[in-house]
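Once you scroll down, you'll see the structures, which are given as structure tokens.
Two complexes come next, and they have one chain in common, chain A, joined by chain B in the first and chain C in the second.
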Partner chain A sequence: MSGSRRRGGIRGNEAVAGWLFVAPVVVILGLFLLLPILMALWVSLSGWNGQGSPFRADVPFVGADNYTRLFTQDGLARENFMTSIRNNAYYVLLVVPAQTVLALGLALVVNRRVLRGRSFFRTAFYFPSVTSSVAISVMFLFLFANTGAVNSLLSVFGLDGPQWFADPRGLLHLSLSGLGLVDLAHPPAALTDGGLLGLSWWEWLSGPSVAMSTIIILVVWTTSGTFMLMFLAALQDVPVQLEEASLIDGAGPWQRLRYVTLPLLKPTMFLVITLGLISTWQVFDQIYVMSQGNPAKTTLTPAYLSYRTAFKDFEYGSGAAISFVLFLLIVVLTLVQRWVMRDRDRVPRTRARLLPTRTRRS
Partner chain B sequence: MFHGRLRKTAIAVAAAGALAVTSACGSGFDDGATPQQSSGPAALQVLIGSSGDAETKAVNDAAAKWATATGNTATVTPAQDLSQQLGQAFAGDSPPDVFYVDASRFADYASVGALEPYGDKLANKGDFYDSLKQTFTYDGKFYCAPKDFSTLALQVNTDLWTKAGLTDADLPTTWEQLQATAEKIKAKGLTPLVVGDTRDRIGAFLVQAGGWLISTDGKQATADSPENLQALTYFQGLQKKGLAVFPKQVDAGWGGEAFGKGKAVMTIEGNWIKGAMSNDFPNVKYTVHELPAGPKGKGTLSFTNCWGISAKSKFKDQAIKFVEAMTSVDQQLAYAKAFGVMPSLKTAKDGYSQQFPADGPFVTGADYAHGPVNAPKMDSVLSDFDTQLQKLATGDPKAVLERVQKNIAAALGS
Partner chain C sequence: MSVAADRPRSPARRDGGRTLASHFVGYAVLIFFALVFLYPFVIQLANAFKSEPDAAANPLAPLPDPVTTAAFTRIFEGTGFPRWVGNSLVVTTVVTAGRVFLDSLAGYALARLHFRGRAAVTGAVVAVMAVPGVVLLIPKFLVLNQLGIYNSYTALILPVIVDAAGVFIMRQFFVSVPVSVEEAARIDGAGVFRTFWSVVLPMARPALITLTILSFQGSWNEFPHTLVAVQSPELFTLPRGVADLVSGSLGAGSQYPLKLGAALLATIPVAVIFLVFQRHFVRGAAEGASKE
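Take a look at the complex of A and B:
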């Protein structure tokens, strides 16, 4: 579709036919995607309280009030929202790199021709991804219980495991106090006095809580299988000739990975990171099942907060506003990521077209 | 290459767009008063938040009996997630006629006009406990009939009690005695008391100190009172000395679980603990006592549901008759037998006490129990309060109360 141009003459009716062909999809997408988004947009600008239709005349229009409460008004709404943004940012910062590297590593391992029982490992690594996230969440609740498998294992090594799901202390705070830089009971006044958007610097710098880190481990473990599959598919597209050519040029294994394989995986890398960013900013199931934002709001995320605001407080407008802010955040971050991962060297692109894989993929 | 990437971005953005649709939208554009159908058979839709099969069956049987006797029909549906299903039904203009309303959510529903204030039309309105009626009163109007109720009491593990060298004479009736007894237990190397880390348990101490988070009419925040400060300081003292712990600290989901596993000698829970103990820990022997009195006397918390009637119901008169049948003395005693709840009527008290003599402390609690905070938009404020309570051991009680005061005042003002 991308290369189509308007043409006259014998092909003049193609446009009409084309629209006819895509009409079912346009209708379905419009009805189930675009229309609900527009309705939600209206709700986010209204003071609808959940009684009857939000499109009646007596539903008040409040303009950007629902949005300003999240950013400019000092209150619980802003504090909760900023806390959720902080939690989710640390979550994304840890999950996306970890799951990408792990997925790539696993794909490289199971792609090796000499590995015995390759299909067994492929299935094993992919298995967490096809299992229900609720089931896995419940299993992790058992694993990380205070007397669960993880703490039992730690105690074998003489370590006293934390109370995973009850521990709201931030990892960054813990490591700072571990280094003797700060005292957790008396944080430095320089950090607690100032702040941004309702949270003090000290709170912003907490890092993910111990409870959140269990969810991070869980998500990295479950999603890396899916992304491994994507990397694996891309790896199998890498032509053998290229590897052989680099071998003849005298490249070692590391050089082959760095200068041959990774550049060819760049489109897949982009896809994996984009999908990773989106799904991590939307994390909901695990929070809903495992922690509901507890302990001490350290696992509160915007998606869960949006749900709670709408369905528990009947502030549907605020809830919808949160989801729109989250939506914009994801779009902006995706664009930033695209800009970061753009092709910096223009010349190789034309050369790249000569490569069989590249032309096939474009 | 470029187009491929663009396409992927487009897919990614579209996928992100799907996220924005988190808010369910209803349909239907009619508004105005709902026409009433007062003659002819009514078809009542009843949505209940059932505690289990026993409750579902009991309500079903009672509804069928009422339907046969009056010539109407009543369809009882147990909800998976009551508050979410109700939210969707209200938004879609198709609410059930009769439904359970949790006391802590009642004000939210009443304030948006979802409930019919029918309380004063009930024939048996004078018979409900006053504290329960107060719970379901909003803006001076008694909205809906309390279904049943539970209160908090103190449970004591008999074997551990003896093991700690204590007798009945040591049973605490005041805060001072509670602390003294707890110290004796602690000296024997046992955990004295496990208490849920929420306002629904710790709040009882506020009531015993003579305080509460909000004024009786639900219009003023009263969280930063000296009484509340005294209560939180007392509780924090118990925590700091290791006399009171939260369930999570002893690896349990709630107080009853920790108590059943013998991780603590005492706990503070409601009458629902009976079912949990007989199902999960049938061999653990325990006794139930009234909560120790604070500086301002006895205090406990009550938890209850009411039979809400939708403001949009077409069969309001029949629905009120239905609720009267469901809350009659005989019916409530039948419910008590089926799934262990306490009747909300004063005249059912004797009948209940005869059938369940061990529940005396729970029933007596009704006389001095305090209901949940009954003002709208309190859910996020109170969960923030819970968050502060979870950190109470290392926190500053005064700062905690000032914070919740500020938040309640803001929520009431908006």
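Take a look at the complex of A and C:
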């Protein structure tokens, strides 16, 4: 602070200008983000059915009812919610590892210095990520249609493809029955009798349905490109000397990957996995366009269920409650991610510190 | 081989055959995946020009036989497609212009101007980035309904005309730019806005291009927001209209050339921009990685 008059004047202007500059953003985010969240919190505690304003006196206040119905009361609400959680959990369990491994694999291959046409391949793999989710969903509806491209490809190999979007059978159920462990028509009583939170063990253990697996394939196909770019950016930071050093030490390609490259990619790996976890719990567009929760509720996800409950069944309170449970889940995942990534800022420094010693040793 | 020449001391020479093989495998993997990632677009393009029986009989064939533009005729004459394109153009233009201007304004203030509450606003912007879009569907509908703007262009545009991620990208950019030029302008007596408009913004061109492209792409592809903002078909944007074609009015399992054609047309603008401005997309993804 110079303390001079003129300087103070400029800073004074700045205070006003600063608030004027951020005002549109603050007002719009406040009006269309913060305020609506508070309104929805109220609605999730009410029995509003969409008629008139939710803030009139005659809208019943139901307390935590909308929430307890999802967890503790036996009924359709809990059954649907738990089914959606099951479906989404299997979806996450398959999508996140698949897209991470595929993205890493593609990045490692594209990153090879000796390769020609790198930018072409990078473009090809990234392109699906930038296109509209709706357009891609339409494309996959055709690819996996009964007379579509995938089944026609399978028939070249003499295989009969399933009716993808009409098939509610779970992949885990199918595998178990394929191994001869269970009979799908007569599932073991031990599993159908007991259960948890409104679904029997047998239902929990279904695996993703055939229909859901098309959406899993679609999402892995669309998102891998973005994550590949993140891995590529990190790979470009791997010091060349380090690779050369390991080459001179006589490390084979696998050893180099295992002991040199992968440890350096660890922060990016965490980022990709947590971003994947956060986004896979939000799957909505593809469900809306491709399956609307069908067949037999096996593609129902919490995001879609919340939408459907509010806008199709007009149970806004229940729909909002599902949103908030999902919100909480995603916030927890985000906090975990930010907490993990906090260490990331230190990484380049650590790497810089380690580097001279490593090269010297070799 | 040039590879061996590049690394004369590497053990690669010893097993040159293995290097060659690994090259071959590398290319094979890449070409296989390039097909997996691109051939669906070829199928989409080809089938949009097929007749319905041909599309059902030969979905994999890359060449239509016979070639017909019947699907496109029906798209333009039998659906609301022209209207949706018009709506998408209006909404995308206004949202992109709004985001670029308002996000950079706020980003600049958060990076450069000293005012009380700056840290709080910055923190709020970072927090907002973490709010998942899909859980906002019901809340957004509630507020649009309450304000009486549900089912209007205002509802399509106003709630998405600023975005926290854009503010953050611009803030990060301005933080990284040296302050000296603006100080000179300020000492010459230019006001804050004047300095921002005629000195700072021209310098920020690369960041502005990135932000423009990301906003265009995001707004052109935006789907869930339209579900809770409008319900009249006259107000549908392209993704909403195409989704409606698929899930509603045409029914499942039929008229694939038409649906694929509509989806194809909806993809073209972003595809063109992507091919022209690729490195900005890449930068956007990289910034997406570093912002979290």
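Definition applied: the second predicted complex is superposed on the first by the 289 of 362 C-alpha atoms of A that agree within 3 Å, B and C clash if a C-alpha of one lies under 4 Å from a C-alpha of the other, contacts with A are read in each partner's own complex, and residues count from 1 in each chain.
As a working rule, a residue touches a chain if its C-beta (ideal position, glycine included) is under 8 Å from a C-beta of that chain, and two chains touch if they have at least 3 such contacts.
None of the values given here were measured: they were computed from a predicted structure.
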Chain B or chain C, by number of chain A residues touched:
C
After superposition on the shared chain, which partner residues are touched by A:143: those of chain B (first), chain C (second), both, or neither?
second
Touch check for A:330: first (chain B), second (chain C), both, or neither?
both
Touch test for A:45: chain B only (first), chain C only (second), both, or neither?
neither
Determine, under the contact definition given at the top, whether A:168 touches first (chain B), second (chain C), both, or neither.
first
Which partner does A:94 contact after superposing on A: first (chain B), second (chain C), both, neither?
neither
Looking at the overlay, does A:75 come into contact with chain B only (first), chain C only (second), both, or neither?
first
Could you look at A:295 and tell me whether it touches chain B, chain C, both or neither (first, second, both, neither)?
first
Go through the superposed model and pick first if A:312 touches only chain B, second if only chain C, both, or neither.
first
Could you look at A:53 and tell me whether it touches chain B, chain C, both or neither (first, second, both, neither)?
both
Please write out, lowest number first, the residues of chain A touched by both chain B and chain C across the two complexes.
33, 36-37, 39-40, 43, 53-55, 145-147, 165, 271, 275, 278, 282, 303, 306-307, 310-311, 316, 319-320, 323-324, 326-327, 330-331, 334, 338
Inside the complex, what are the residues of chain A that reach chain C?
10-11, 13-19, 21-22, 24-26, 28-29, 31-33, 35-37, 39-40, 43, 53-55, 105-106, 109-110, 112-115, 117, 120-121, 123-143, 145-149, 152-153, 165, 221, 225-226, 229-230, 233, 244, 247-248, 250, 253, 268, 271, 275, 278, 281-282, 284-285, 288-289, 292, 303, 306-307, 310-311, 316, 319-320, 323-324, 326-327, 330-331, 334, 337-338, 341
Looking at the complex, which residues from chain B come into contact with chain A?
1-9, 12-23, 25-29, 31, 83-84, 87, 90-91, 93, 108, 112-114, 246, 248-251, 376-377, 379-381, 383-384, 387, 390-391, 394, 407, 410-411
For the chain A and chain B complex, residues of the former touching the latter:
2, 33, 36-37, 39-41, 43-44, 49-58, 75-77, 80, 145-147, 163, 165-166, 168, 185, 267, 270-271, 274-275, 278, 282, 293-297, 303, 306-316, 319-320, 323-324, 326-327, 330-331, 334, 338, 349, 352-353, 358, 361-362
Which positions of chain C touch chain A when the two form their complex?
2-3, 6-7, 9-12, 22-23, 26-27, 29-30, 33-34, 36-38, 40-41, 43-44, 47, 55-60, 102-103, 105-106, 108-110, 113-118, 121, 124-125, 128, 130-143, 146, 158-159, 161-162, 164, 167, 186, 191-193, 196, 217, 220-221, 223-224, 227-228, 238-240, 242-243, 246-247, 252-253, 256, 259-260, 262-264, 266-267, 270-271, 274-275, 278, 281-282, 285-286, 288-289, 292
